[in-house]
Amino acid sequence: MSKPIYVLNGPNLNLLGEREPEIYGSSTLDDVRAACEARAASFGREVVFRQSNHEGDLVSWLQEARSKAGGVVLNAAAYGHTSVALHDALKMVSLPVIDCHLSNPDARESFRHHSYVALAAKGVVSGFGVISYELAVEAACRLAAD
Amino acid sequence: MSKPIYVLNGPNLNLLGEREPEIYGSSTLDDVRAACEARAASFGREVVFRQSNHEGDLVSWLQEARSKAGGVVLNAAAYGHTSVALHDALKMVSLPVIDCHLSNPDARESFRHHSYVALAAKGVVSGFGVISYELAVEAACRLAAD
Amino acid sequence: MSKPIYVLNGPNLNLLGEREPEIYGSSTLDDVRAACEARAASFGREVVFRQSNHEGDLVSWLQEARSKAGGVVLNAAAYGHTSVALHDALKMVSLPVIDCHLSNPDARESFRHHSYVALAAKGVVSGFGVISYELAVEAACRLAAD
Amino acid sequence: MSKPIYVLNGPNLNLLGEREPEIYGSSTLDDVRAACEARAASFGREVVFRQSNHEGDLVSWLQEARSKAGGVVLNAAAYGHTSVALHDALKMVSLPVIDCHLSNPDARESFRHHSYVALAAKGVVSGFGVISYELAVEAACRLAAD
Amino acid sequence: MSKPIYVLNGPNLNLLGEREPEIYGSSTLDDVRAACEARAASFGREVVFRQSNHEGDLVSWLQEARSKAGGVVLNAAAYGHTSVALHDALKMVSLPVIDCHLSNPDARESFRHHSYVALAAKGVVSGFGVISYELAVEAACRLAAD
Amino acid sequence: MSKPIYVLNGPNLNLLGEREPEIYGSSTLDDVRAACEARAASFGREVVFRQSNHEGDLVSWLQEARSKAGGVVLNAAAYGHTSVALHDALKMVSLPVIDCHLSNPDARESFRHHSYVALAAKGVVSGFGVISYELAVEAACRLAAD
Amino acid sequence: MSKPIYVLNGPNLNLLGEREPEIYGSSTLDDVRAACEARAASFGREVVFRQSNHEGDLVSWLQEARSKAGGVVLNAAAYGHTSVALHDALKMVSLPVIDCHLSNPDARESFRHHSYVALAAKGVVSGFGVISYELAVEAACRLAAD
Amino acid sequence: MSKPIYVLNGPNLNLLGEREPEIYGSSTLDDVRAACEARAASFGREVVFRQSNHEGDLVSWLQEARSKAGGVVLNAAAYGHTSVALHDALKMVSLPVIDCHLSNPDARESFRHHSYVALAAKGVVSGFGVISYELAVEAACRLAAD
Amino acid sequence: MSKPIYVLNGPNLNLLGEREPEIYGSSTLDDVRAACEARAASFGREVVFRQSNHEGDLVSWLQEARSKAGGVVLNAAAYGHTSVALHDALKMVSLPVIDCHLSNPDARESFRHHSYVALAAKGVVSGFGVISYELAVEAACRLAAD
Amino acid sequence: MSKPIYVLNGPNLNLLGEREPEIYGSSTLDDVRAACEARAASFGREVVFRQSNHEGDLVSWLQEARSKAGGVVLNAAAYGHTSVALHDALKMVSLPVIDCHLSNPDARESFRHHSYVALAAKGVVSGFGVISYELAVEAACRLAAD
Amino acid sequence: MSKPIYVLNGPNLNLLGEREPEIYGSSTLDDVRAACEARAASFGREVVFRQSNHEGDLVSWLQEARSKAGGVVLNAAAYGHTSVALHDALKMVSLPVIDCHLSNPDARESFRHHSYVALAAKGVVSGFGVISYELAVEAACRLAAD
Amino acid sequence: MSKPIYVLNGPNLNLLGEREPEIYGSSTLDDVRAACEARAASFGREVVFRQSNHEGDLVSWLQEARSKAGGVVLNAAAYGHTSVALHDALKMVSLPVIDCHLSNPDARESFRHHSYVALAAKGVVSGFGVISYELAVEAACRLAAD
């Protein structure tokens, strides 16, 4: 059977729906999980869905994904802009990794224009709220080679 | 009836399939057009599909899209990195505009990391070859408000 | 008889009145033309008034102005910030060229603070909407030496 | 009854009194706690006082403070200079947050001159050793709106 | 009756006519005053005309203009490039303020390309010698709302 | 008897209450003076309270404070960002000098992020309106060694 | 028979001989064409010689050269400094492309020191007026592999 | 008896041998541990050997080393480039700390050229694979002063 | 008779001898004046010696020197690093102006490495305490052309 | 009789043919000398051909060339990027000096994009291996004025 | 028999022991030579030990090492920060080259943080005084492949 | 008897009088020597006067000066802007070293504004032609402590 898609979420995304709704919308992280599961199911895959405020957890989960996932959707949030550790972890993952954002970082403050994740990812989907996740899951499913 | 999605392509994309295939893949621009039409059709929309090597043509087409399109998928290619004129044209378009790329510019030379298009677009899809266009068309269809 | 003043307009100015009215005001490009003609007439001159979205057209019109115009009012819009080609064309024009803007670029995004046109122009008038053009036309008429 | 003031301390502050005393003074973190409690008491409030070397802990505690605190005094120490995650967490906190430092970072190495915390905080108190905390607690108490 | 236009001149402009005439021309500051008065008169206004080498004087005069002037023409000369104090004073003035220069700073040394005054002004007129002042006075008169 | 605290205010602060109230609040400079005097009195000290739009006056007053003050609260306003002269004057003052601001400069335009005053001051209090002054006066009183 | 050498000229070169003769000399573009034809003839090749003020035309001609030329001499003039589109077009051309200039851009303004064309070209010949073209044509002929 | 040498390893080093072997070689972290123990033994010391993906753990272990170690070999991996917190922790350690790397960061991407660890360390050994650790352990042993 | 040498001193130099003696030495400004007079006398000239904390005063004195001085020794102190106004005033002075410093600014903080005065001065003497003034006065006397 | 062309070669060029042949080709410096002599002979000139690893030797040879050479071909290799001394020497040479490279520095590492030699040379030929020298010798011969 | 290790020393190292002993220690260059010989001997190799103040000598010695050495220890001192010529010479050496320093350049002035040598070397050992050389010699011996 | 003053001259100064006389004047290096000897004699000292185009020679001469000179006047010419090696040599010289220039580098190209020599020198004299040397020799004599 096909391996699952890992959908990994970084700091502050646990508050989705409460955090600056004019930027991030009113959906909660559970809504995001449901949308991801639905799209993955249409490609015959399940989803492993996690969130942490700790950079180290994201690093460890990416390491775990190396053998257990068919593809990865990563919304590293703030850590995407500053974490060389995530960049290095991505370099070890030969699966397709999709850099995913609810909002469009290029249209926000300049310190959000650089991304260590995008530098090492297969591609980027950003700016469409929950739809970003759905499209990213589709990309991960179709590019998965397991 | 729903308005069409404008899919606008910038310089050198007419040579798709011949140009640096290790970066851009072997699909041709006709393959891209077909994929866009299929995805749009599943949302009940048609596609207006164009390519030009002239920055001014892209500006004019974006102006035209203001009244005639339901959404825009724009792969401005090289002009995305340098064109303030496209940026200004996008500012006048109240439709959802999706910044779309075959490859992932963030993983290439540093002069491809800045994008005047992304700065003014709704969101970004990049790095998945023809799949980028399909996902971008879906985003445009679902975000269209006509 | 005195030569006319060339009033040359760059990309997106054809949509004047529709484009971001909180920045550019509600006057149309025809309003601008009429105001320019009136002010020029008070100095016994006519106006040649053009607009294009193509950088190359502006270059060619500046070349044409070398022998046919008494002075030039140039609102290069977005191309003013990026076009070395316009800068080079201006260097060949010995007439007074006035860099003209509806809004004040220095009070907007930082990528609008640099101008290759201002670098090579006689002077600048910006920030007063249609009045900018009127004052620029007066400057061109009074500084013309034909 | 009034909600408490959260006083949150970042990496290495657990060694206060031992660490570079010529910069940070000889008071310990317990001395700081006592001083905070005294000042808060004079405004009828209690103090929740914590320290962690983990960026993620500080993020989670700021999230917790959203509903449980009347105000926050945050000495993020080294993380203040590098953490976009803390910045994002602060953006979600509608309480007054005071950026607090024992020493004056502007008078030290240049990599301490930028602060992602200050960018999102209500205000700053720095440079006075333990007194910095006392004044920051007062500011938090007086600006609290619960 | 209409309020006067304040025409305020910064450092070294008292030597106009003597200072680098190849850049600034041979007109004196009295010539400038006369030209300003003539143009203002055609709009039914008088002119208050001053010069100082002290940054603080310019700040104070701008404060005074808040209640007494219909508009301001400010040639801050060298202080325009370095004075945040003038910038702050301009922010408090709700009248139209015109940033005015005899020469075109964009065509000179790079340290003249930045202007704290332009950042906060309504618009800019530069490069036409005495004519710059005349056009700036017209702009101030027509934009005045008293 | 203890020496007074010098509270020195820079350009445009004389208009406090009128100037951009959404940033600076509605208190006047007289309100600030009263609040400073009250807090100083609780430490048995008086206040010498002055304002000038001239950088040179602030330099001279700092020189005077060397022998006559017990501590200094300095809100240099705009000059704090540009004045090496104030920096040098501070270097000669062995008293505690507190860099004080009504608003939080780090949360405003980037040209307000650098401070020559903070570089040479004992510490910083910013962002709390009039309360900033009160806390700064307390810091000055408690750190004074006369 | 051998394929021709494409000699492509960018904006403002149509005015050669009239434009800033102290920099570009008094030869006209027809003189340049004749010199190119003579040198190419000595290597048994013909020349296809074109000029345009439009960036898009140069892109299209480079695309055409891919199958029809033995080598390319490109004087992109101003577009060489700003055009990523030309850079991308060059990347698709497997022929030898020579970056050619009448003057020496490195000895002029700093914005002429960067070249997107040189980044992707086989080599550079600059600074010798018409002789630059002759040498560039020789290089193209000798390096051509058809 | 002599205190042990702490050998502390940062993020992703747990995957040594699997991660980009063309850069990091095929040795595992257990191989590294064995080599460190052998070299330390030749100087009569033991090794405390740890790895974590969490920045905060490395900070805490450095704090622990202050009293328990004779010297420290620190391969902070990605955190070395971004962690001011590690820098601050190092500042509190009066033992010799050796900044150690398997590969040579100066020969890789530019974001690996800056090191907050090197800034505060006694010295650097990099580029020799497992041999780097052996030499670093020797340096720590010989420079230890307990 | 020969015109005098103007020796003009900027902010904080009135405290010479008290200000950071490890940098500026223990001589007072009166000592400097005496040394200048002695050296000038040996060239048959007198000295006009002044000090001000106001940038505007230095500008006005430089203007006065244009007709009354044979040469100028200017120690603008802090204003030398920030004052475009002084730079502009110097540009109007055709006399030899010597940029003079007690200490060597190039060996101090980086914000002292740039000098708007040096940019427009005849030459520089710095680093020798009072001797700097003596040598600068000699240079002014010998280069004076009146 | 005509003066010779000096062909001067900088550091590491003595190893030509052995050094990174994928960049520099397999020709030796003797091959280069022969090609230069042949081309010079066709213009009736001889060649003085030298190589040194010492920057000072290149400076001295350029000084010697002032009276003895008809033109200079200079491949300063690495010193071209760093040597102000060569720049100054070139400024004293009124002969045509051609900056010559085997490879195209603009297509290599960014620290090879700046050239102090190109800044002061008549023109540049780069990227064609031995052919670069031949073309440079021709340029030197045709531009020589002796 | 095994080839020797070349230990090459750059400018000012001949004064070792006299030069800033608080940074470089009191050992002389002869002490360094002895320590290198001892460590090399334990690996069955001899040492060729040289010093020069001339950049060109270091370039030539590196060229010589290509055929005669088993490995190279290079302390280029000041030239390491500025010499592209050394960088190029290193690129031609297929032996292991160790970049070696007595002190830790990363902990000193910022102009010592960049190294053209480290960019092209196998690895780095710095900061341990004479011990740096010993460890570097060991690395060279163990990595040598002759 | 007093030790001599070393006057050391860098690259291209051997051509003084021939090199760009509009910048450097028409005096020869022998004239400079004579002027130095005269001024030194008035302080009872002799002069050791040398010139070299080799950076290494200047380094070695500075080393020699440590024991044999009473002071040093160094005109490093172009090497002053690029040579860390000279900077390091200066750091070892406890004598007064005067950084001396014929012209004023701050008034020339921006790459002449930085000086590694000034950073480590006692002081600077520049801009007065031969007089610069005379004043520098006086400074060296008066500050010499032997």
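Order of writing sets the labels: A, B, C, D, E, F, G, H, I, J, K and L. Residues in every chain begin at 1.
Criterion: a residue touches a chain if its C-beta (ideal position, glycine included) is under 8 Å from a C-beta of that chain, and two chains touch if they have at least 3 such contacts.
This one's a predicted model, so the numbers in the text were calculated from it and none came from an experiment.
One of A-B, C-G or D-F repeats the interface of F-I: more than half of the contact pairs, counted by residue number, are shared by C-G.
The distance from the centre of subunit E to the centre of subunit H, each centre being the mean of the chain's C-alpha atoms, comes to 62 Å.
Averaged C-alpha coordinates give centres for subunit E and subunit G that are 48 Å from one another.
One simple way to say how far apart two chains are is to compare their mean CA positions; for subunit D and subunit L this gives 54 Å. If each chain is reduced to the centroid of its CA atoms, subunit E and subunit F end up 31 Å from each other. Shared contact sites, meaning residues of subunit C that touch two or more other chains, fall at 54-57, 82. Under the contact rule defined at the top, the touching pairs of chains are A-B, A-D, A-H, B-C, B-G, C-E, C-G, D-F, D-H, E-F, E-I, F-I, G-J, H-K, I-L, J-K, J-L, K-L.
Interface residues of subunit E, counted against subunit C in their complex, comprise 104, 106-107, 113-115, 118-128, 131-132, 135, 138-139, 142-143. In the complex of the two chains, the subunit H residues touching subunit A come out as 10-12, 14-15, 18-20, 52-57, 77-79, 81-82, 111-112. For subunit F in complex with subunit I, the residues that touch the partner chain are 54-57, 59-60, 63, 82-85, 87-89, 91-92, 116.
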